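The same subunit A turns up in both complexes below, where it pairs with subunit B and then with subunit C.
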Partner chain A sequence: MLKKHPLITFIFFGVVLYLISNRLDELLVYQGATVGIFVIAIASLILLTGYSGQVSLGHGALMAIGAYAAALLRIHYNAPVWLTFVVAVLAAAVGGALLGLAAARLSGPYLAGTTLALAIGLPSIANQFSIFGGEQGLSFDIGFPPASLGEDFTQYKWYFWISWSAALIAMYWLRHVLNSRYGRSWRAVRSNDVAAELAGIHVGRNKVLAFTISAGLAGLAGALLGMTISLVSPGVYPLLLSFSLATGAVLAGVTTLGGVMIGAVILVAIPEIALAIANRYGGSETIITNLPGLLVSGLLILTVLLSPNGPVEQMHARHAKRAKSGKASHSPVELTLRVGSKTWSTKK
Partner chain B sequence: MIKMNRRKLVTASAVIAVAALTVTTVPAQAYNPRSNEPGLTATTIKLGITLPMTGIASPGYNKIPGAMKAYFDYVNANGGVNGRKISLVVKDDQYIPATAVARANELILRDRVFALVGTLGTASTKALTSSTQLSRRGIPSLFVNTGWSGFADKKAYPTTFSILPSYQMEAKIMAQFIKDKYAGKKIALLYQDDDFGRDALAGFKTAGLTFDTLIPYASGSQALPATGAGWISKLRTAAPDVTVVFGVSSATTALLGNAFAAGWVGKTQFILGSVGGDATTIAATNRGLVGLLNGAKGLSFAPAPSDSSDEYIKLFQTIYAAAQPTQTFDNNVVAGMSNAFLAVQAIKAAGKNLTRKGLINAIETKGSTFANPFLTPLGYSTTSHVGATGYWFGTYGPTGALTPDGGKYTVYTTDSGTGPVVESTYKRPAMPAKGLPN
Partner chain C sequence: MSQFLDMFLIGISAASIYALMAISMVLVWRSTRVVNFAQAGMALLSAYIGYELVSRTGNFWISLPLAMILGAAFSAFIEFFLMRTLLKHSNQGPIAAIAPIIATLGLLGVIRAVIGFIWGHGDVQLEAPLSKVGYKFGDTTLFIGPMGLFVICFVVALLLVVTIVFQKTNIGLALRASAYAPEIAQLSGIRVSGIRTLGWAIAGAAGAAAGILQTVNGTGGLTPESLEFSLLLVFGFIAAVIGGLESLPGAVLGAVILGLVLAFVQIYISGTLVFIVAFILLLAVLILRPQGFLGSKAGRRA
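After this line comes the complex of A and B, so read on.
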């Protein structure tokens, strides 16, 4: 259904989410909004890593760029909320494009190091210039939900609706991009950049484009995250967020968007699980504070060891093996690439 | 992408349809402000606090919940308040505003507390108040541990009550003290460059005090070694006779540590704001630095923790020694127990038919008469949500204890506006029997 009627699938999914938002208690609705935001953030990372073959350990910083742009626009120009999100996408995309120019010349650990430096360095920039509000940050208040939605329509439900509307639109759009010429070019670059170059694909340009689009989506997620806590500050986008997103992408399976929900739900669930464990064993504040980080790291290591391509990809692989259909699996290293009238197979 | 044939499509559609129908049968739990008061039963009241229990700002402050619980347990053991026993849910926000928002959401949505009490830090409290929409939900935020003058504004924060005097009041009183004692001297100000420090700047400006040197620092940057060294470098160049510190205690620690390391000791008269003069915090980082406080000026609105002649302090010392026998009784403990004491008075005043609205109303209409340990009047009214309204000055000794100048508490009072700084004539009423509400 997703492949044949993607629009209907997304609309149907939206209707289900709408029904869910009306039935859950406030805490779950609030957490649900965060899941929607992580869906966008993880998808942006999967686009970058799984499809274009570039690594980013600094996606939290790109989220922060979008969020600060949105908050500044809201504070100084009282811009409508939708416009702040558009500007968040554009600002982060510009940041991503600049970073992408450097990234296109780097690979592997050098690229990881560069993006990591951005994540570490960005809070210092916020502290350096008073326009960013220092550690205290900037207020990002989107206001009350429209009165027409009723008196009992809570703020959290409003966040849920906005987050998931953005997530569904972003995922629908992203799916089209990944299935377009650009997506195919990225996969070709990821699988074998020499072969891709020989096929007439401009590797550098495609890498920068992937970084720009990924950053734009991260900026949207960043602004949405700032919205849910009415605040944009360095503390909202810590280094741990960047690492968590990387973990979420690995858990989701970096080579496919299919598992993005799994990664997002796990990221939101980890603090809950940590709290439950800490409470059960009478843990101190230090344990409660540090356990989520430990769980994120542990899960990352376990996933890399046991299911390097993520559970969804593994499920596909098993399914394909069982079926013994002989058809090519979905792994990008086995993709057949068609550019114009020419056809290449990247299968090794 | 996921591939599907017709059979799978039908199965998937059926599963989603059943799931959707199941979800719709779950009763709606939308927030309803008119429903029963959360966190409240006929015999219990659940309160919640978020503050730094770990991280750079936590030393000292992390004793506050233990002190509050000690007093609540004392009240509970003696029958509670209007027949209800108080419990306190404690969350750690590490002094990070974003984390404070998350913890406040947990307190409100998961723990379903009746009210917040004693949340700490200007930035954290502002962020959580705005994000969780306390005023829209009608959730009381009692006696926040910040003196940001904005919280005293009933219109902007209708459910939030301060306990500290505002930073503007504190700055005005400090300014008057400096004008009286150090007229014509070169004066420097080290301050936290956020709402906390800027509120004080506004107070100094109102009082007409100008500084020869201004050194702002970003909250959190005091943890960086280069930051404190930079302050000393600037101070050494400026050579002020008096250095006023309006920051958190970890900034004072960085200042003293770097002053000592640079051999810049005894070169200026330090005047520490009430927030930044906590010897416990300084000792937690480096016990050797506490001695450098000796001779510095400071101010407070509560009785000195060492003053056993004060009936409140005597009671608090007894209760705390029984509850936390291994902990030192210091000004953080006094702050926590005073906060709990005031919360109990407010709940008592709200009566047996306790509601969130009734609690807010009780503080507004009767709050200025609540029994409390402070040496200044309380400013609660239907138009103001400010707590204590003045300060006394003292001098730090070699152990970091602040004792009042002249051997007695001379309290000065003012407002957050343009009103004058005057010596207070307030006489604190006697403590209720055994410090209990009933």
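After this line comes the complex of A and C, so read on.
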């Protein structure tokens, strides 16, 4: 259904989310909003890495650019909320285009190092100019939900609505772009830039364009993240955020957008899991502060070692292999359970 | 005049530490074609180990070489168990280009978390063994004292040792050969995989020295999230890139250039601009002279 009627699928997904949001308690709604934000941010990274073959360890910095632009506009001009998000996208896209101009000339480790330098240095830039509010940052208040939504419509639910509408629109649009001429050009550049150039694709221009779009999406995610905590400060966009996004993209599988939910849910769930584990083993301060980092990083290393192209891609590859060897299974779902030497399988 | 002298001394003492960091990145890059983003984490771990050794033995002069040996062992361990498996498994698909980067980032996170588990998040003090009060000539006080002088001399001595090893010994020849042409080196009977591990080990030792010297020459405080160490990573990387990421003399040259430029900005313009200037310098070098000042031409552009 997704292949034939993407719009219907996305609307269906939106309705499901709406129904879900009415049944969840406050904390889960809030976390759901964060999942939506991570979906956008991880998708922007997948677009960059999986489709155009560039690396960024500084997407946290691009998110911050978008968020600061939105907050400044809101504070100084009291702009409407939707406009602040549009400006966040534009500001981050401009930053991304500038960075992309340099990035298009760089390969793997050089680009990674340059974007990493940006992510590390961003706080010092924010502290340099008083307009950015230093360590304390700026407040970013989008106000209460409109009264027409009813008395018991909470603030968190409002965040949930905004971030998921943004996520669904962004994903729908992104899917469209990736299936268009541009998406095909990016994939061509990624697989073989010499061949792409011979086929008439302007490699440099395509890379800059990919970086710009990716940065714009990151800026949107950054503004949304600032919205959920009503604050935009260097501490909201730490280096760890950039690393978490890279982790999410790798866990989701950088080659397809399909796994993006997996990455986003894992990123939000890990602190909760870590807290649960920590509480079980005494709940000391050191465990609570260090376990999330350890889980994220450990998972990252394990994924790169065991399933480098992500779970979705691995599943596709397995399907392709089976189809090739002429043993294509008729059942769409196949389960294999293995305990010790015994194996149960739905496969005949 | 005294301001100028100060600038020069600040620049050189910072450059000596950047040089160690840059050298460890260059060595890792030459041996496995990986930029090790966990290098700062490994240096931080070594600094903590140095702290632990100092508090156990009470002697900084024994602890420094011991911590360097442990740093080398840890680095070799990482190459042997993590990087070898990784480079064997993730060598196809779009992930191949970024797998090593992602893996070293994961390693950085693991190291930080482990440091947090063992030593906690409080400030740990690694005291300088020598006085940091500047030397006096007449009525002018120089920026560096015995500690700063020791750092510079120690780094220069290390650089001499590394140069001699690389230029005059068989092991150095093997290291250069496997970096330059791994297949041919292997055909000539060099055990390339072992040499790679050795390259990582030397890098680990240099990184450990950089971590400890950076700490004792600075405030002496250590925390797992130390921004100083993140900056050490970035500045080491920038120095290595200025030099071309391939060449050891280039790394030292890059460190000296970076150190002097940053000191100039710090003294004459503003201390808070240091990072932005370093970033612009990095971009300028990458765009104007992508092969670095002493690097080979190929292999840089995308």
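Assorted remarks:
In this section, the second predicted complex is superposed on the first by the 323 of 348 C-alpha atoms of A that agree within 3 Å, B and C clash if a C-alpha of one lies under 4 Å from a C-alpha of the other, contacts with A are read in each partner's own complex, and residues count from 1 in each chain.
Methods note: contacts are C-beta pairs under 8 Å (C-beta built on N, C-alpha and C of every residue); 3 or more make two chains touch, one makes a residue touch a chain.
These numbers come from a predicted model, not from an experiment.
Of the two partner chains, subunit B is the only one that A:26 touches; subunit C does not reach it. Using the contact criterion defined above for the overlaid structures, shared-chain residue A:243 touches subunit C, although it does not reach subunit B. In the superposed model, A:92 lies in contact with neither subunit B nor subunit C. Contacts of A:201 after superposition on the shared chain: neither subunit B nor subunit C is touched. Within the superposed three-chain model, A:127 lies in touch with subunit B and with subunit C [touch as defined at top]. When the two structures are aligned on the shared chain, A:286 is found in touch with subunit B and with subunit C.
In the superposed model, A:116 lies in contact with subunit C only, and not with subunit B.
Once the two complexes are overlaid on the shared chain, A:215 sits clear of subunit B and of subunit C alike.
Note: residues 127, 286, 289 of subunit A belong to the subunit B contact set and to the subunit C contact set alike, using the contact criterion stated above. Against subunit A, the residues of subunit C that register as touching in their complex are 29, 34-35, 37, 82, 85-86, 89-90, 93-99, 101-103, 105-110, 112-114, 116-117, 120-121, 227, 230-231, 233-234, 237-238, 241, 245, 272-276, 278-279, 282-283, 286-287, 290, 300-302.
The touching residues of subunit A, when paired with subunit B in their complex, are 1-4, 12, 15-16, 19-20, 22-27, 30, 127, 130, 133-137, 139, 141, 144, 152-157, 175, 179, 228-231, 233, 235-236, 256-258, 285-286, 288-289, 330. Against subunit C, in their complex, subunit A makes its touches with residues 49-50, 53, 55, 57, 102, 104-114, 116-118, 120-121, 123-125, 127-128, 190, 193, 207, 239, 243, 246-247, 250, 254-255, 286-287, 289-291, 293-294, 296-298, 300-301, 304-306, 308-309, 313.
Here subunit B touches subunit A in the complex through residues 1-4, 9, 12-13, 16, 19-20, 23-24, 26-32, 53-54, 62, 92, 94, 96-99, 101-102, 105-106, 109-110, 122-123, 126-127, 130-131, 133, 136, 193-195, 218-221, going by the rule given at the top.
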